[in-house]
Amino acid sequence: MKSEARIAYLFAMPWILGFLTFLLYPVLASFFYSFTDFSVLRPPRFIGLENYKEMVQDEVFWMTIRNTFTYVVAAVPLSATVAILLAMLLNTKVKGLAFYRTLFYVPSLVPMVALGILWLWIFNGEHGLLNMSLEKLGMSNPPNWLGDPAWSKVTLVMIAMWGSGNAMVIYLAGLQDIPQSLYEAADLDGARLAAKTRHVTLPMLSPVILFNVIMGMIGALQVFAVPYVMFPNGAPARSTYFFTTYLFDNAFRFQRMGYASAMGWVLFLITLTLTFVALRMSERQVHYDRS
Amino acid sequence: MPVNIRTIAISAAALGVLGYLVYRSEDATTRKPVANKVTVLYWEKWTGDEAQKMRRIVNNFNASQDRIFVKMLSISGVADKTLLAASGGNPPDVAGLWDTQMTQFKDAGALTDLAPLAAEFGIKEEDYIPGYWKLMSPGGTLVAFPTTPASTALHINRKFLKPGEEPPKTLEELDAFTERISKVKDGKVELAGFLPAEPGWWNWGWGYWFGDKLIDGDKLTINTPENIRAFEWVQSYSKRFGVRETQNFQSGFGNFSSPQNPFMSEKVASVMQGVWMANFIDLYNKDLPWIAVPFPLPKDRQDLKGMNFIAMDTLVIPTGAKHKREAFEFIAFVQRQDQMELLCSTHGKNSPLVKVSDKFFNTHLNPYIRLFDELARSPNAAYIPQIGIWPQMDSELKNAFTEINLGTKTPKEALDAAQARLEPQWRRYQQQVMGKGITTAEAKP
Amino acid sequence: MKQKKFSLATVHIVLIVLSLIFVSPLLWMVTTAIKPIEETMTATPTLLPSKFLWDNFPKAVTYGSKELGYIPFLLYARNTLMVTLLCVAGSVCSNAVVAYAFARLRWPGRDAFFAVTLATMMVPFPVLMVPTFGLFKWLGWVGSFRPLWVPAFFGSAFSIFLLRQFFRTIPMELSEAAKIDGCSEVRIFTDVLLPLAKPALAVVALFTFMGTWNDFMGPMIYLSDQETFTLSLGLQAYQSQHGGTQWNLLMAAATVVILPVIVVFFFAQKMFIQGIATSGLKG
């Protein structure tokens, strides 16, 4: 074995061990459960492809797929844009940066048990903070954010925006890594802000953007906590019933862990495919140091 | 390579701190058993105030004898957690769950049959109000004992009744009451006499007032004429105020547990609620003049007199529990009349026992406690269908309820759809969980 | 020059407006915390309470009664801190090392194993809960803090991926130059890569801190004993089923819980800009 490879295995060893100890068994077990009827409380019983066949005919399953895709398509690019813009704003040399950075990050910190109720309150269609502000700004009939199936998903996308703080922090760290000399060179060429952003910032930031987009996608495909707390049962009219909320209901409320596992593996395949596509598409766009 | 003393010192210090943290974290989770006593592990779903009140009963039990120590832990997400613990073969000895889960857990073989222990401890069916006994023994197997029960009634804000006016006695009178006192201004609803969607906890159950019980034997009866009629009645309310208007009105309701609860803030004049409502009124709007009366029935269904929803919080012994006998001794202690009345009065509930002391009634926080007690005893008192797919049924019916209120489906369409979705699930459940073959009547060509 | 001042002012205004929007949930949480219970969750919301009840804070952290005991808030805080510090330590020790192997070294099976690493994040958590619980049960770890912190010492897919991306932006020439100078891979890692990746390392440490501090699911699954609870579990104590939730106390407790995290963030965020000092090296 080459010495570089030997050292590399040594470096990777913690994760290899951790993977084998803590992840491999649960992942394989859930794969096995997907071919069983498993109520958690009783031992699983092998039923072949029944769960997968049932899924094809389960209209709520398809509905949650549609809801989830809509959410992903809206939330991922929007959150990414907001996070990059915030990071760029906070990478300037204005006073009070520490303060602003903290404020933008704060919504990611509020514990779910408090946050769920705060969102319900802010988005309340009649007396919510948001609609009161909109009415003051002259909007006569603001939407019913929580009760109207046409708006409930929009609400969740907006909430996702509030959680941009995490991605913002990563972009901020990424921006720090861009050599100042590149900007100086661009200045000499007389480049304007837009040009600098396009030709220096974004290409140099691209590995981090790729990371955030992929993580954002994986996260959005599994969106769970906020809709589960805010919209029990996917109300109104299942417009906020997402893949993972339905999966969780099947696993624990309906005690159909086998079916839930099968759903989990379908989501896995979907995510894998999308990630693969994203990686492929980004190959030419992402700028690594390849020297 | 030069040895850097500073690096070594920092690493050593870091390792030291780490070692200390590991040591402390191990220490913090090591439990010493209580000497010479059997420890009964009791997981309770209640947190906060309600858990504290239950703790008093636990303390009483621990002080009453010297062989058993009940360790009560208040667990959020107790159902999922009990499920996980049972799957790992390590459930608690006693779990405080909800009646809505009993059939499902029983079918999965997760609950101990308590009949032999009950017989041994001299606890009999006659001790309990019949409806509650049914909830304790889904499918005829005794698997649960109550902590606190409940019954339901129509709560009316007296301000909206004319002096000397009788509260509505039939559903038609309730409709008329709503028609008379509801206020709509510039397309905005300001006050509703009644609203079936408030508080939304019994959205699945309006059919009961018209004579449907969702199941009949092992048949699902969701799209029956009775249930369709019930959903039409429900829909008449969102039609009366307008779909969009009702929605806007409802979204202006504060959180249930707040002074802005629509009943407390006088946005709805009457509401169906449980015996616990008095707790909330006491907490958030003491001065509200309210009365509680049996929830009215349709004129042509007066035969259902006494119909109301009863429910209860349950204590069970999971199948894998280690100290079943000792666990039951604790449960039996909770069932003692004095302890049960202490618990139910502090929680503001009625008692599940047939025998109730005068003191319980006379000192109860709820001025209508006798009514709730009577309602609980009614032969027409109803409860959620005891069926293992109840969670799915609940989900489908709630969805149907929303759809008819949004006007996207007619009651018949919505209920047909729910029935169609539930039937195959019920068949699968019967086959997979209950081990029944498909009966010929239900088999589809 | 004049134009620059103008743009700075614009940046400020934009930042102020945006931060007001972002901070609104927190603001509401804090003002609710000091309201009397009747003013919480009002249908026509008022931002400020009619009177400021600052003693809701001490009330919240000593919630309970004399007869039946108070919430052991300090104990919860100690437990949370312990688990959090262990996780941060574990995360700092493991992730950078592993990410280095993925980003800068060549070894057979690297790309395949990296794909597997990413894939582990794509299986939704609920379907892994039962077997994972079974695993920890088998190890005899349920009821201890071990399921919460031991895995951190073996790295997490998220952090490994993040650091790998950062390591890959650092020019290879730096490593090669160090190699020519006779540095070992370990030396290149500690002396060349790590100092340059400080912002990313800070991000990973911070995320681990925040994630563990606020984690609800993990403690919910593995801890049962009140004395071992963490703060996020402790917050459940203010909710009740049929007795009325003490919103003001809940919010007060939540404020107390996240205050240390905000302070940590406020001071830690400086680390993300440390890269500036070293940026001269690059390019």
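Letters A, B and C mark the chains in the order given here, with residues in each chain numbered from 1 onward.
Just so we're on the same page, a residue touches a chain if its C-beta (ideal position, glycine included) is under 8 Å from a C-beta of that chain, and two chains touch if they have at least 3 such contacts.
Predicted model only: the values in this text are computed from it and were never measured.
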Looking only at C-beta pair counts, which chain-chain interface has the most contacts?
A-C
Among the chains here, which has the CA centroid at the largest distance from subunit A's centroid?
B
Where the CA atoms of subunit A average out and where those of subunit B average out, how many Å apart are those spots?
34
Whole-Å gap between the CA centroids of subunit A and subunit C
16
Of all residues in subunit A, the ones touching two or more other chains:
40, 117, 126-127, 252
Identify all positions of subunit B at which a residue touches two or more other chains, and write them in rising order.
84, 87, 252, 255
Where does subunit C touch two or more other chains at once, residue-wise?
41, 43, 129-130, 134, 236, 239, 247
Residues of subunit B defined as touching subunit A within the complex
79-80, 83-84, 86-87, 104-105, 108-110, 244, 247-252, 255, 389, 391-392, 395, 398-399, 402-403, 406, 408, 421, 428, 432-433
If we count contacts the way the header does, which residues on subunit C are in touch with subunit B in the complex?
37-38, 40-43, 63-65, 67-69, 78-79, 82-83, 85-86, 89, 129-130, 133-134, 137, 142-146, 149, 220-221, 224-228, 233, 236-247
Subunit C-touching residues of subunit B, taken from the complex the two chains share:
14, 18, 21-22, 24-26, 28-29, 31, 41, 43, 45-52, 55-56, 59, 73-77, 81, 84-85, 87-90, 92, 150, 252-255, 257-260, 265, 274, 276, 279-280, 283-284, 347-349
What part of subunit A is in contact with subunit C in the complex they form?
4-5, 7-9, 11-12, 14-19, 21-23, 25-27, 29-30, 33-34, 40, 86, 89-90, 92, 94, 98-115, 117-119, 121-122, 126-129, 132, 162, 165-166, 169-170, 172-174, 176-182, 204, 207-208, 210-211, 214-215, 218, 221-222, 224, 243-244, 247-248, 251-252, 257, 260-261, 263-265, 267-268, 271-272, 275, 288-291
Which residues, counting only subunit C, touch subunit A once they are in their complex?
8, 11-12, 14-15, 18-19, 22-26, 28-29, 41, 43-45, 93-94, 97-98, 100-102, 105-108, 110, 113, 116-132, 134-135, 151, 153-155, 158, 160-162, 165-166, 168-173, 185-186, 189, 196, 199-200, 202-203, 206-207, 210, 214, 216, 232, 235-236, 239, 247, 250-251, 254, 257-258, 261-262, 265-266, 269-270, 272-276, 279-280, 282-283
